[in-house]
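Going in written order, the chains are labelled A, B and C, and every chain counts its residues from 1.
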Amino acid sequence: MHNPQLNRHGELTHLLSIEGLPQEVITHILDTAASFMEVSQREVKKVPLLRGKSVFNLFFENSTRTRTTFEIAAKRLSADVINLDIGRSSTAKGETLLDTIDNLCAMHANLFVVRHAASGAPYLIAEHLARVGRDDIHVVNAGDGRHAHPTQGLLDMYTIRHYKKDFTQLRVAIVGDILHSRVARSDIHALTTLGVPEVRAIGPQTLLPSHLGRMGVHVFHDMAAGLKDCDVVIMLRLQNERMTGALLPSAGEYFRHYGLTPQKLALAKPDAIVMHPGPMNRGVEIHSAVADGAQAVILPQVTFGIAVRMAVMSIVPGN
Amino acid sequence: MHNPQLNRHGELTHLLSIEGLPQEVITHILDTAASFMEVSQREVKKVPLLRGKSVFNLFFENSTRTRTTFEIAAKRLSADVINLDIGRSSTAKGETLLDTIDNLCAMHANLFVVRHAASGAPYLIAEHLARVGRDDIHVVNAGDGRHAHPTQGLLDMYTIRHYKKDFTQLRVAIVGDILHSRVARSDIHALTTLGVPEVRAIGPQTLLPSHLGRMGVHVFHDMAAGLKDCDVVIMLRLQNERMTGALLPSAGEYFRHYGLTPQKLALAKPDAIVMHPGPMNRGVEIHSAVADGAQAVILPQVTFGIAVRMAVMSIVPGN
Amino acid sequence: MHNPQLNRHGELTHLLSIEGLPQEVITHILDTAASFMEVSQREVKKVPLLRGKSVFNLFFENSTRTRTTFEIAAKRLSADVINLDIGRSSTAKGETLLDTIDNLCAMHANLFVVRHAASGAPYLIAEHLARVGRDDIHVVNAGDGRHAHPTQGLLDMYTIRHYKKDFTQLRVAIVGDILHSRVARSDIHALTTLGVPEVRAIGPQTLLPSHLGRMGVHVFHDMAAGLKDCDVVIMLRLQNERMTGALLPSAGEYFRHYGLTPQKLALAKPDAIVMHPGPMNRGVEIHSAVADGAQAVILPQVTFGIAVRMAVMSIVPGN
């Protein structure tokens, strides 16, 4: 089957999803990110790789934090960055998504960073670009619906590799609202591709999708059993709208069962790392003593995220 | 009569309207834009002409698309661009428009790109700058009320010249809501100045202004008659608020009479080009088969628009 | 007592308040600003002092004007500027202020420009940075609650020094709503530190704080008495919400008593200068004949403000 993310040489030309990415492509991104880590520590934190290139942040769904990380990454690559507040733009005037894209292409866009509430929107754009023959324009998915958030998945893999070196001996638990989480989906695909032998999903029945078994994921409804002997614990953000909805009794009840406390974390391996995509709900899915504790690598994740986004944005236009 | 757009040497110092621009000034802008077309195709799409200069996008009326084209054009000229969301700024605190302008001048602004719902606002600013002796600061009108949208007019002329070479043998039809269109006004002045012998306006009586005859424009209420043997067809966007208003029965009815279909377009010359300022209402003023057809030059218009805006923004500070 | 703005060598590392700043630090900022005044008059208005550095404008309280001045100043220092619309960001998702700050630090921020409705918010951030050992990241207060607006205070001092040379012979009056004004507080501390022998506060009882006497300020409720023989008159903006509130009868009544008219200004010294932090309410706290008159230095204040902000933003990361 044709993979719309890769060109005919098998190289990454769009980043749409981790699903279907060959292991060597993921590893190449992580290796490139490692080289950019050094740039962020320089006095002058810039490289001229995208100088004169135009990066458009197309955020159909608002996310200041993710947009900011892409904006910083693009500016450190010396790109011109244009933020489009799409809610207020021509789509509001009845223009179709693809007409908007065609217009931005006509302005000589080089790269679209796309966030959209609808799963598949970045694919739609990438397919359209292929159809109109614009293989010089690239799409990076910054989160689409419940489907995928590949740069978050990649920065999570960078973090795990940084602290654990080897993927092939690890036990990784993902905890929380996996049903609604594009981060969890991207992480599971990445972990599997990179050879992690045991991926666990921990959460209440109502927040776990039914197909996890088919993806090779071990399902736990009990934190004690699920966290036992894990090397990596990935906590997910509990969306506010779930806390008092039909799926959960209350935020307090959730915390009692699935909130990560020092006591529960003690069941994982002593050197287990704790990750979280942010923003955290302290006292809901994670206790502050864990969030600020020695095992948390939540802020390093953010730092690695800049390097990973620089890597992706520099790799796709080169291919 | 004094022309506030020109300095005492007859050179362009503000771009406020196409009305009153000498033909050689228009031609100079189009020639300069042609040289910038090459820049947008380079690997590094930047020239240092406005390096260290501060361009302020003052959009009192929201328009993401037009603001984006000016922002891209300014960044490709290496300017520092500051976008001011005026609805939220000091004018909301009761400050007058001219106090806001004085303040921005005091911050060493070099160029104001002004969009305003009130006709004449950019003139008011240009006159104020002259009164306070700031001939080093320039104004570009990005659309004022129903009055003018000169950069759109200029990019339309660039497009026509690109495809048709010579203005003096053309028959050009403008179709739609001319009454409320600053694009139509700017196009009519530009076409007349550049020597187009026959300009036609096609639309329902309620959407055509009464003074078209005085401007030398031939009026048609019937598409078949109006489009016959035209070289260029400029479609206008039908504003949503007109579609169900007192001026029109319905969007469907409008499309039946004035929507550009392949059948109607066949009445124009076989090599006629179809233009549209965007964003398009497909199925209202234009059929998708035309919008995406071989005669449409709607996306090239957008590309030319960047070059034309670069030309204007580089010409005015030089004079 | 430890001064959180100064490092262990007594050098400025954050600018949080003018209160507690040694006179030589203030003078060093003003001297540095003087050197930047020349930059703003160059053809290319840029210096590379902050090239590759990331400046985050964190405006928890909206202020387009102040944000714009910091954005311009940072861009003229060649920094990468990221504007965060905090109202829409992660804090809205329940993330704490310090989690937001930690995240931005993890993105390798170099400087935070902070505007916040709560007094003390910039201190909270600076203390947190010290606690987590990030002495490479700096905070500039762009206005916090009723507490301080130190860059406005500094630009006011720059303006006074520019026109009056010597602080030690001056009589300075501050007129209006001193109770709610962070500008007034910062000005009083700066004037006192720089050795101004007589600082006066003029306003209705309801808009003057009770502790002015302790600060060494002479209180007047009558404009005629208060303005007599002053060298400098600093008018404050009357917030719209005060005009019809319990503290004041009406805007018209206020203007009759405390609005600065040419007649009242004539009571000050003939060469007195009139200042205003903007945006002005013409006809409320100031008559247009004064605002636009020969003694007004309100627009030069804006110009000096850019240079002062460049000075502060270039000094703190150097220390």
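Everything below uses one rule, namely that contacts are C-beta pairs under 8 Å (C-beta built on N, C-alpha and C of every residue); 3 or more make two chains touch, one makes a residue touch a chain.
This is a predicted model, so every value here is computed, not measured.
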Each chain counted as touching chain A and chain B at once: C
Same-site or different-site touching of chain B by its copy chain C, using the half cut: different
Cα-superposition angle relating the copies chain C and chain A, to nearest 5°: 120
Chain centre separation in whole Å, for chain C relative to chain B (CA means): 41
Chain A: positions in contact with at least two other chains: none
Interface residues, chain A side, partner chain B - complex: 51-54, 80, 82, 84-86, 88-90, 93-96, 99-100, 102-108
Contact footprint of chain B on chain C as seen in their complex: 40-46, 62, 64-65, 68-69, 71-72, 75-76, 240, 278-282, 299-303, 305-306
